[in-house]
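Have a look at this one before I ask anything.
For reference, chains read A, B, C and D in written order, and residue numbers begin at 1 within each chain.
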Amino acid sequence: MSKIKTIGILTSGGDAPGMNAAIRAVTRSGICNGLSVKGIYRGYDGLIKDEVKSFTTEDVSGIITRGGTILKTARSKEFMTPEGMQKAYETCIKEEIDALVVIGGNGSLTGARNFAMEYDFPVVGLPGTIDNDLYGTDSTIGYDTTMNTIMECVDRIRDTANSHERIFFIEVMGRDAGFLAQNSAIACGAEAAIIPEESTDVDQLARFMERGIRKSKKSCIVIVSESPKCGALYYADRVKKEFPEFDVRVSILGHLQRGGSPSAHDRILASRTGVGAIKALMQGQRNVMIGVRNNEVVFVPFSEAIRSDKPLNKGLIKVLDELSI
Amino acid sequence: MSKIKTIGILTSGGDAPGMNAAIRAVTRSGICNGLSVKGIYRGYDGLIKDEVKSFTTEDVSGIITRGGTILKTARSKEFMTPEGMQKAYETCIKEEIDALVVIGGNGSLTGARNFAMEYDFPVVGLPGTIDNDLYGTDSTIGYDTTMNTIMECVDRIRDTANSHERIFFIEVMGRDAGFLAQNSAIACGAEAAIIPEESTDVDQLARFMERGIRKSKKSCIVIVSESPKCGALYYADRVKKEFPEFDVRVSILGHLQRGGSPSAHDRILASRTGVGAIKALMQGQRNVMIGVRNNEVVFVPFSEAIRSDKPLNKGLIKVLDELSI
Amino acid sequence: MSKIKTIGILTSGGDAPGMNAAIRAVTRSGICNGLSVKGIYRGYDGLIKDEVKSFTTEDVSGIITRGGTILKTARSKEFMTPEGMQKAYETCIKEEIDALVVIGGNGSLTGARNFAMEYDFPVVGLPGTIDNDLYGTDSTIGYDTTMNTIMECVDRIRDTANSHERIFFIEVMGRDAGFLAQNSAIACGAEAAIIPEESTDVDQLARFMERGIRKSKKSCIVIVSESPKCGALYYADRVKKEFPEFDVRVSILGHLQRGGSPSAHDRILASRTGVGAIKALMQGQRNVMIGVRNNEVVFVPFSEAIRSDKPLNKGLIKVLDELSI
Amino acid sequence: MSKIKTIGILTSGGDAPGMNAAIRAVTRSGICNGLSVKGIYRGYDGLIKDEVKSFTTEDVSGIITRGGTILKTARSKEFMTPEGMQKAYETCIKEEIDALVVIGGNGSLTGARNFAMEYDFPVVGLPGTIDNDLYGTDSTIGYDTTMNTIMECVDRIRDTANSHERIFFIEVMGRDAGFLAQNSAIACGAEAAIIPEESTDVDQLARFMERGIRKSKKSCIVIVSESPKCGALYYADRVKKEFPEFDVRVSILGHLQRGGSPSAHDRILASRTGVGAIKALMQGQRNVMIGVRNNEVVFVPFSEAIRSDKPLNKGLIKVLDELSI
């Protein structure tokens, strides 16, 4: 294995707050350790199309406070094809990029692993996703910020729910994982959470309603995980039919959950894992995601990180159950 | 006219941040001036049903920081009927309420005026609505907070719009008035605003798109005022059809716009007009809304305040136009 | 008078949130109206030293959300000398700058006026200061944001004051003007404000203390305007001596009051006055500050704007008095 | 051991955001599990003086969003004496309190342990302190909120530091522990942190200054941990003497660091450990602090939790070092 002189860095998939902090950390730590750093724009698409720029420490100055990603991001279909991967590899050769740092979620790190294996290329990943669905790290970059954003929104909706004594079904992101929904329900003192990991039927809904009503006259908040077949609108409709006497409203928080200045937790996580990524590459590691577990930086093999079944802590369901009495 | 000894206070219509600050100010200023104060719950409905509680200064302690209204609020159909009004009047007699302070928007103050005229009853109003659609006051209680809430949400969405190079149509509240949409578009540096006061056709949309694209590759934000027939979804669909190459998204901010701790501006406006309401009643004023104009507390006759055509400053349209180049 | 083709823009004096929004507005409106725009760095010092850069709309992209000023700022002693002014004028000639837009407070606009009169040079000003001490505009750029920042800080301190039942003297900015102190005291529900415009003796302090104690056991918050001779530390010491039984604490909010993303109000004010500055210059106006009064953009002669005695509305003192019972 | 029927709950020491969320969780989980819950006011002093009130679920409704502690808090000298402890014990007997839940930091849990051992009384603790200096839990209740509060303040100061090209020494809380200082320095992209765990001499300061200056002209931020002998003022004075050419400022964040609505992280931590406290007591546990480690609720013996030497992760010093280049 030849020595790494130049690394390329890209962000891929859905943007997450803290990605910029990660870009900054990788860039500065790389330069601090004698490496050249090149920013690749628009994720794997930019790697395919050679949208690459040399980075100095100045290029990442002041970005730690900003949401989104200065490298832009996208989901690339072309990169999933052998032709696309080949073009991406050719860009690496042309740009003299010896190793890649990929910041993204499950799909992006799967792509990273495939590329690394196909071309025997050094790649490390950072867990950049608001969904918290990656194995081997206590949380992912963006998750904590999004939790706080959801919490602030629901706190606001609680004001109006209380004033009008209404029932609100609030839909939050999270794809197939209920981390955001279950935890934000606890953080907001919601009456219930509806998550992909647990089935929720109408009888349970009735129980939630009664509990909310018993507690504070007629107001009640239910957090619902987004889902193709049964989001907040579905449950609201069901409840309206069963309990026509209630004033039921729906709020879909949507894309505002992705943005905003990252929280302290996410900035630190991004900074630590970004420094860790350079350290891993300098140690000859590859095919690992950098995480933080039990307050220590850890290297997690891609194959472990992208396992699809990161479980929700069952204790959290009991916590919400006891506290929403 | 007999001397006023006891006032009743209620909040009506959609809740607005700063209503609690207004309740606090009316209560404390009333007590400070030797009056008894009674809180009426759930708006005019509570007046009809005699949901009334005597207030001390302690009852309103600490509420200046909180969104919503501790008095709850509702829209009352019964109060629009002669029978409903009669019951409300009987509650006033029974509770020995000599004057009413009503905090609410256009509809609520119209109800206040009708009640005052029907029963020759002293009523003053405070402009409590996020829509800013009341005449004679530079702004309404809740408007400034909601402006800031919308701005924070759009700033967040801008992060993700930039990262993914998308076009966002973001729907904000305001009923028939474009104040929130036009001003938040300026505050957020949006590319365009679509408001009820001005017609916007597809050619203009095309111009907005091109301008946004020219400016920053492919990202663009359009703020759309809510409207029964053509909200954000309508315009997004039109644009998707005309410009299938764009990645168009919609975000409907919804009820979170109503809540949250009030801004300094709204707390001060609520405090000043609340103190003004007591002063007005002690001076024998009635049938007036208390506003702040040119930094002075003013008494605005109800008939003037609730005129339906508070105009949007045309200069604001030009400002957005020049700044979104 | 020859036609204006190129304008120079600078920020001067203490930075204020919204200065960037003003820079953006002047730049874009200028370019939109066919002018060239040059940014001058570090206030009048940069004008003296020819620190000038041509601006495009891209240079001001995305800055509306950011605190501080991308043009940097400083207080220039050299500009107060004839030699300094002469050098500044020579830079204007050399850079072909036909007119200046100065964003700053009282001192900066006084310098602007002096320069304009000395060299018969077209200068307009924008009211950029957190102190709100400029005449002829309902508020200054930065004032509203700083009010909200102070309010959030005091809300936080109230939590700990209540929990520990303490008395807090909190010092806020404002130089010789009590706007920030008096208004933030109302907004925070403080027990009292000590402002330069009114004398406060120890007997009054005793009354404040008793009132706060009567209201909520032993907690009390007093907002104190900064002042060279008697700030928060001075009053806290006096109270400690007179009332040794109290747990008295001091918090000096300091420089954090200047920063942060500007509020919606300040962004709009900056945008409207920025557009107004270009309009004024194109109309042949000079020696005016652009303000907003009664929701309309107005041109205020410098001599009027910088009068030293903008009075605090006396009604505000009565409002705080009644509401802190 | 007799069965526990009634628990008492108190908060002690410095207040921390999330204490209310913990009170809510203990109360609701206790009631949900068939126990009676009594709130004890003003920490151990209130236990001594029998300031006790029976709690229902309604008493803790809505408090999850609020900073401070509704139970008030204090540091009790009397409780450190045998007589004080005896009185506290007598209150427990009189009020039929069978077990105590103490929410507080190092000193408060030491008191809890002493009381538990002296009277063979069931006591469990929750880690409620912003300092994060308790062993056996990944973080303490309040730490994450305070981190975010510090970060927001420093982000604001960064705006003005950049605009004026100044050097700021910013003092943060943390007592003898550098967690807040070191981590907030990373989160804010500060140039350096001065912490109790590491000695910092003037040569290092010179290096920090040069680095900051090299990076961004003349602006630089140093976070300093509070310390009786050498806080921010001390270092600022040293630097001013050595480098008179710099514009050096000091900001002491002070008590505002303690307040504010708790972050999602702290609300969830408080909720989980609060439920854990009831579970521990029902299982016959005592003399344990409830923590969260590696995302699991754990019971940590008091003797382990209050060890005085919780170490700062050395990797964090390297992270800051590499990223502030």
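Operating definition for what follows: a contact is a pair of C-beta atoms (placed from the backbone, for glycine too) under 8 Å apart; a residue touches a chain by one contact, two chains touch by 3 or more.
Because the structure is predicted, anything quoted here is derived from the model rather than measured.
K.L.:
Just the number, please: Cα centre separation of subunit B and subunit D in whole Å.
P.N.:
Those two chain centres are 39 Å apart.
K.L.:
Which whole number of Å gives the spacing of the CA centres of subunit C and subunit D?
P.N.:
Whole-Å distance between the two chain centres: 35.
K.L.:
How big is the gap, in whole Å, between where the Cα atoms of subunit B centre and where those of subunit C centre?
P.N.:
Distance between chain centres: 28 Å.
K.L.:
Could you say which residues in subunit D touch two or more other chains, in rising order?
P.N.:
Answer for subunit D, listing residues that touch two or more other chains: 155, 158, 162.
K.L.:
Linking chains that touch, what shape results: line, ring, star, complete or other?
P.N.:
Topology of the interface graph: a ring, with each chain touching two neighbours.
K.L.:
What's the complete list of touching chain pairs for this entry?
P.N.:
A-B, A-D, B-C, C-D
K.L.:
In the complex of these two chains, what residues of subunit A are touching subunit D?
P.N.:
So the residues of subunit A touching subunit D come out as 24-25, 28-29, 31-33, 57-58, 61-62, 64-65, 138, 144, 147-148, 150-151, 155, 158, 183-184, 186-189, 215-216, 261, 263-265, 267-268, 271-272, 275, 293-297, 313, 315-316, 318-319, 322-323, 325.
K.L.:
Would you pull the subunit D residues touching subunit C in the complex into a rising list?
P.N.:
11, 15, 17, 19, 66-69, 72-74, 149, 152-153, 155-160, 162-165, 168, 249, 251-260
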